[in-house]
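Presented below are the structures under discussion, each in the form of structure tokens.
Both of the next two complexes hold subunit A, though its partner changes from subunit B to subunit C.
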Partner chain A sequence: MLRALAYIVALSALPAGSGATQEGALDPNTIVVVVSLKNPLKDISRKDLRAIFLMRSRHWRTGRSIVVFNAAPKSALRKHFDHTLLGFSPRQSATYWVDFRIRGTGIAPRSVASPRLLRRIVNKHVEAIAYMRAGDAGRGVRILRVDGRAPGDKHYALGRLSQVHR
Partner chain B sequence: MPWTSRALGLCCAMLFSSWADATPSPSLGPPSLVPPSLVPPSLVTPESSTTSLPTSLPTSESRQLKEVNQKLARLEKAHRALREQVSELDQLAGQSPPEQSRRLRVYGFFDVNFRYIRFSDEGLGRLLSHDDPMFVFGNLNIYFDARPSPNWRFMTEIRFLLNPVGDTMTMENPLTGESYEGVDTLTADALYPFDEFNFGAIEIERAHVTWQRLDWLRITMGLYLTPFGVWNVDHGSPTRATALTPIIYATSAAAFFPERQLGIKVHGQVQLDDVDLDYEVTLSNGAGTAATLVDPDKDKALGGRIRLGGRWPCLWKLGLSGYAGRKSAFKQRIALAPTFALVRELTVASSTYSLGLDLAATWGPWVFQAEVAAGWVDFEAGHRPEAIRGPGTYTADRFQWGAYGFLGYELPFSWIALRPYFSFNWVSPDDNLPKDFAYAATGGLALRPAHSVVMKVEYTFSAVESEADIAALAFRDSKLKDESHNLYIQIAVAF
Partner chain C sequence: MKLRTKLIFLQVGTLVFAIAIFATVAMLFQTTLTLLDQGIEAKARSCLRTLLATADVPIAAEDPGSVRRALRVCGEGNQDDPDLGFIVAYGRNGDPLAWHGKLPKGGIPPVPDSKTSIVRHGNAVRGSGPVMIEGQQFGTLSLEFQGHRIDSWRTRFMIAAGMLLLLVLLASAASIAFALHIIAPLRKMIRFASTVAEGDLHSQVDVRASDELAQLAQGLNHMVGQIRQLQGQLVDASRSAGMAEVATGVLHNVGNVLNSIKTSAGVIHKQLRDSRLATLEKVNALLEAQQTDLGGFFAKDQRAKRLPKLLSVLSAQLLKEHAYLREESVRLQRQVDHAAVIVKAQQRLARPAPLSETLNLSSLLDAALDAEGPWEDLHDIKIRRSYEDAPSLVLDRHKLVAIIVNLLRNAREALTDQEEKEIHLAILPAQASIAITITDNGCGMSEETRMHIFEHGFTTKASGHGFGLHACANAVRELGGALSATSEGPGLGATFTLRLPLAQRRRRVTRSDLGCEIPSKETSDV
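After this line comes the complex of A and B, so read on.
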């Protein structure tokens, strides 16, 4: 009990702006887009985000290749993200990536099911971009604002994982 | 929160924490060998022992045994946590983005078909094709895709065929005295002396290297698919809308756009507000059977495509394609006089100018796709091909056009993707023969039992009406009407 109290006090003393503080203010089911802390990007437009996750834009402004990571195809998170950002149903999404490959355009981004692993990958690689539940985005990754709005803001583009999708 | 108050908070936390640690606890023992960061917080305070103690042991010994057991349990849990971390790190290393993108990837598609074509009795179709119901080995295409460095990509697509075994080389002809000859590729199997097999063919669909440092400017060099329309870009049976090829791509495609070209392509994509813009500019050897080997023309073929795409009021893409190139055929002979020389003579030469317009849209469950193509063929004086009507007659310059439309509807079943569709094709092959035309009407059903598997069942009625060349070939009346009923069942898989 005393130990738990000690942790609470310690957490309150952490500097503002760290991942933990951002998470604290957020509904853990809010969908956030994350990049590495080494990536200078802080804000991204919904249009650019769509282009990136459709693999139309493949380079950061720095010239580095963008490495996109998706959530597992049948996960609630993936369904929500595909629907909210890309306007795809799960079936349309799957067809899009099959067509993408057969046309010779490229291959679909890699899917990573474990949020913990995904967070570590994004943390490690400056080229990476991914999305996850705010509750899964700990320290070591930067949560991006979308169209100038922070996750949790009233008109934030990606919303939160709904009960239906969960 | 000011910095000083944060520091104060930390101090308080440390005091609380040290006081908590100083409180007598059954977990008190030697320091753990596992770094605290690797042990989940729930493990720091051990739970009750899992081992039952013999009641006969003295209190101090039983207490020691209990502590040892607790320590063992802690170590086992820490060991499991470490193993999980090692496993995750292994995966992490395997998924290192720059490394994974450099790997060679192999994927492709395959389709097998059943077809039954019933030609009209008076038509030429029976002569030119089989009308027996048969299974057809369609496409077995393998892609090899590699990124030797982040800015370079190599991709090739190889098609494996059972052809040419069984093909007709010459037909028996009472006028010329030729006998029937088919292709037989039977050869001995070196490994098993008493075995034989028919070797097949390999077709290189495309092979190119691309510099892709910028999204708005990429440069591809090699053998690439002509950026034209929807069908040619869709390319593979799992992606294409119907099983049967639209007429503008089948019979007279060479007069519109070549399917592929050997040359260079500059392409890229730009975002304009809510509209996506893709462009492609091509410079190549052009069309013709030999264009992928040699190019006897001084002029290179120039082509391009611009495509706009948007999401309002529905998902749509509108493309405009163009192509201008010289197509030629030549023969080579050895000349003995006045001096020994190798002479190359141009036999047929024409200039082709083509335009294509395409639209693809998805509105809820509705899928629409349409293409219009127009082509002008101008033969050069002295290099016109002979007409089928016989010696002394030559093929005229011509204008041809064709179009098709496709409409499909995704039925609202969640357990399976089912799409009935309808398509209509029309081609006018020669403006000198205004009464010649071909058309086809198709109705079908596409279902996807899995995302990568597409099955199409379709019926097509097609008709060719001609007053000229084909009728002359058949030595029939001046009017020809060739009708056919086509049933296709295709199953295609992407892998």
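After this line comes the complex of A and C, so read on.
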């Protein structure tokens, strides 16, 4: 019941031009990338998105540092995102981040299990970027287009959370 | 080392040991407190590190509820730890998001610096650190752990330590008091033993207790009572022996006088037997026979012509005999008088008397001289007296007479081989004592002899037993006095000095009381 209510609130919070409601209701299991409303970014390429979530790209074009937030490591959302965007299995993902740390390049993005906290973080901090289910995204965050395609569009890069991953 | 000193050493040792243990415990406790203090710092550091790792997301989300839960989780993890003061989470702009615990009196403290630090504020440990995610600060955490509990423990320990120290001191004081309580009766008994050793058998030791020490004191009192009885018997025996000794001397002297009397009587008898009185009787018979013709007899008889010359010679002879007999009778009378004086002196010396009586020393010396005399006639010894005025003394008469008689005999025997024999008696009163000196010009003595003169069994006489002067010395000591001997050397005479205290103290008489000198090399005191 609460989840349905949140979904309705999320849909109503989608900004105009987000493309989420142009062809009807957005599937709440669609994976969306969100940033703060203060962040001027509205569209991002799959390549840039991959670079950001592999911590290879560290700054926004404004010069501000990018703070990446991941979903919980063993969650279905994380597995789907790693597989779809990064092409990593959970094992490869773990190996990558361990290697990333060992080489001194940096540390893995902070994992946040709570979608609500994640949404608040993204809402509060302009440098934050995260991904979540469309059903968990709310009014306070901006859902980015990927390669010009809004979530729910055909050939949207991040797809939707499958039943398997759930 | 005295028992008291030993016990005090024991007590002090125990006290030092207790203080050492106490100091060790205090050091251990202080070390424990230091470790606990360091533990508080470690707890603060650990809690801060945990919160920075776990509460970063809620803080970054600036969600007070989540932050409070995160803080509470950490706080509840230390719920049983009363050292936790407070934890405050600040947002990115420095506004407090949530807190846990008891805030300080000033309310929420201002946001600390953005670097991780653990600092001490008095007895508290305050920690703070920035909440960082991927190098970006999303907030700040501040917490405080209090050291009140350690302070409380320290205070309790100090109180307990103080009480313990007080107890140890009280226990030591009680122990010392107990030791002194034991020692005091012992010291009483030691003093009592010294008093008894000095000759006072009338004192008693008073130990008011019902323990073994009191039993010991009662035993000592009983023992001294027994000794007192025995001493009384000994005194009686000694007095009898002294009187017997004096009597023996007197009898000896009387015997000598009787010998003189016998000699005089023999001389008188011989003189009378050989007297020319018979010739006078013949003259008388001749004249009675010629009574009828007395004129014819004187005119014609040749015997009448020799008769005047005979009568003249006879008269001279009889006068001579008369003078001789008169002289001998005077001598005899004097010998008889001497015997009477000796007997009288013996009666005076031996008369029943109390143990102590008031004595005139000059009279007593003269009586002793008489008892041993006549000195010039009997022993050919000249007696010289130098009696100064001296107060009367309260003493045991028989004992003092026995001493003086013994010393006089000793002087007389020392003069045996001397041509000029003289004994000088002197009474020299001093401030606290009276000295009686008996000086002879006899054989004297060497230093070695003088050192041992009063020892039992020591004698220089062929027929001596070494008891007389030893007994004298003991008797003098019983009178509370001192006896010493001096001599310039062999052949130079000797002086025996008898010092008697003016205030006769039967109990605890000391030499200082008597005004006597400490024995020097020249004197031998007893």
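Here is the rule we use: the second predicted complex is superposed on the first by the 142 of 166 C-alpha atoms of A that agree within 3 Å, B and C clash if a C-alpha of one lies under 4 Å from a C-alpha of the other, contacts with A are read in each partner's own complex, and residues count from 1 in each chain.
Everything that follows uses one rule, which is that contacts are C-beta pairs under 8 Å (C-beta built on N, C-alpha and C of every residue); 3 or more make two chains touch, one makes a residue touch a chain.
The structure presented is a predicted model; accordingly, all values stated were derived computationally and were not measured.
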| item | value |
| --- | --- |
| Subunit B versus subunit C as contact partner of A:S57, first or second or both or neither | first |
| Touched partner set for A:K38, first subunit B, second subunit C, both or neither | neither |
| Which superposed partner A:K47 touches (first subunit B, second subunit C, both, neither) | first |
| Contacts of A:H125 with subunit B and subunit C, given as first, second, both or neither | both |
| Contacts of A:L117 with subunit B and subunit C, given as first, second, both or neither | both |
| Touched partner set for A:P109, first subunit B, second subunit C, both or neither | second |
| Which superposed partner A:K74 touches (first subunit B, second subunit C, both, neither) | neither |
| Subunit A residues touched by each partner, larger count belonging to subunit B or subunit C | B |
| Which superposed partner A:R139 touches (first subunit B, second subunit C, both, neither) | neither |
| Set intersection of subunit A contacts, subunit C complex versus subunit B complex | 65, 67, 106-107, 110, 112, 114, 116-117, 120-121, 124-125, 127 |
| For the subunit B and subunit A complex, residues of the former touching the latter | 1, 5-10, 12-14, 16-17, 19-20, 23, 41, 44-45, 88, 91-92, 95-98, 100-101, 105, 107, 109, 143, 145, 150-151, 155, 157, 206, 212-215, 225, 233-236, 238-239, 269, 271, 274, 276, 311, 315, 417, 448, 451-452, 494 |
| Of subunit C, residues touching subunit A in the complex | 56-58, 60-63, 66, 92, 133-136, 138 |
| Subunit B contact footprint on subunit A (complex, rising order) | 2-3, 5-7, 9-10, 12-16, 47-48, 51, 56-59, 63-65, 67, 87, 91, 94-95, 98-99, 101-104, 106-107, 110, 112, 114, 116-117, 120-121, 124-125, 127-128 |
| Subunit C contact footprint on subunit A (complex, rising order) | 65, 67-68, 106-107, 109-110, 112, 114, 116-118, 120-121, 124-125, 127 |
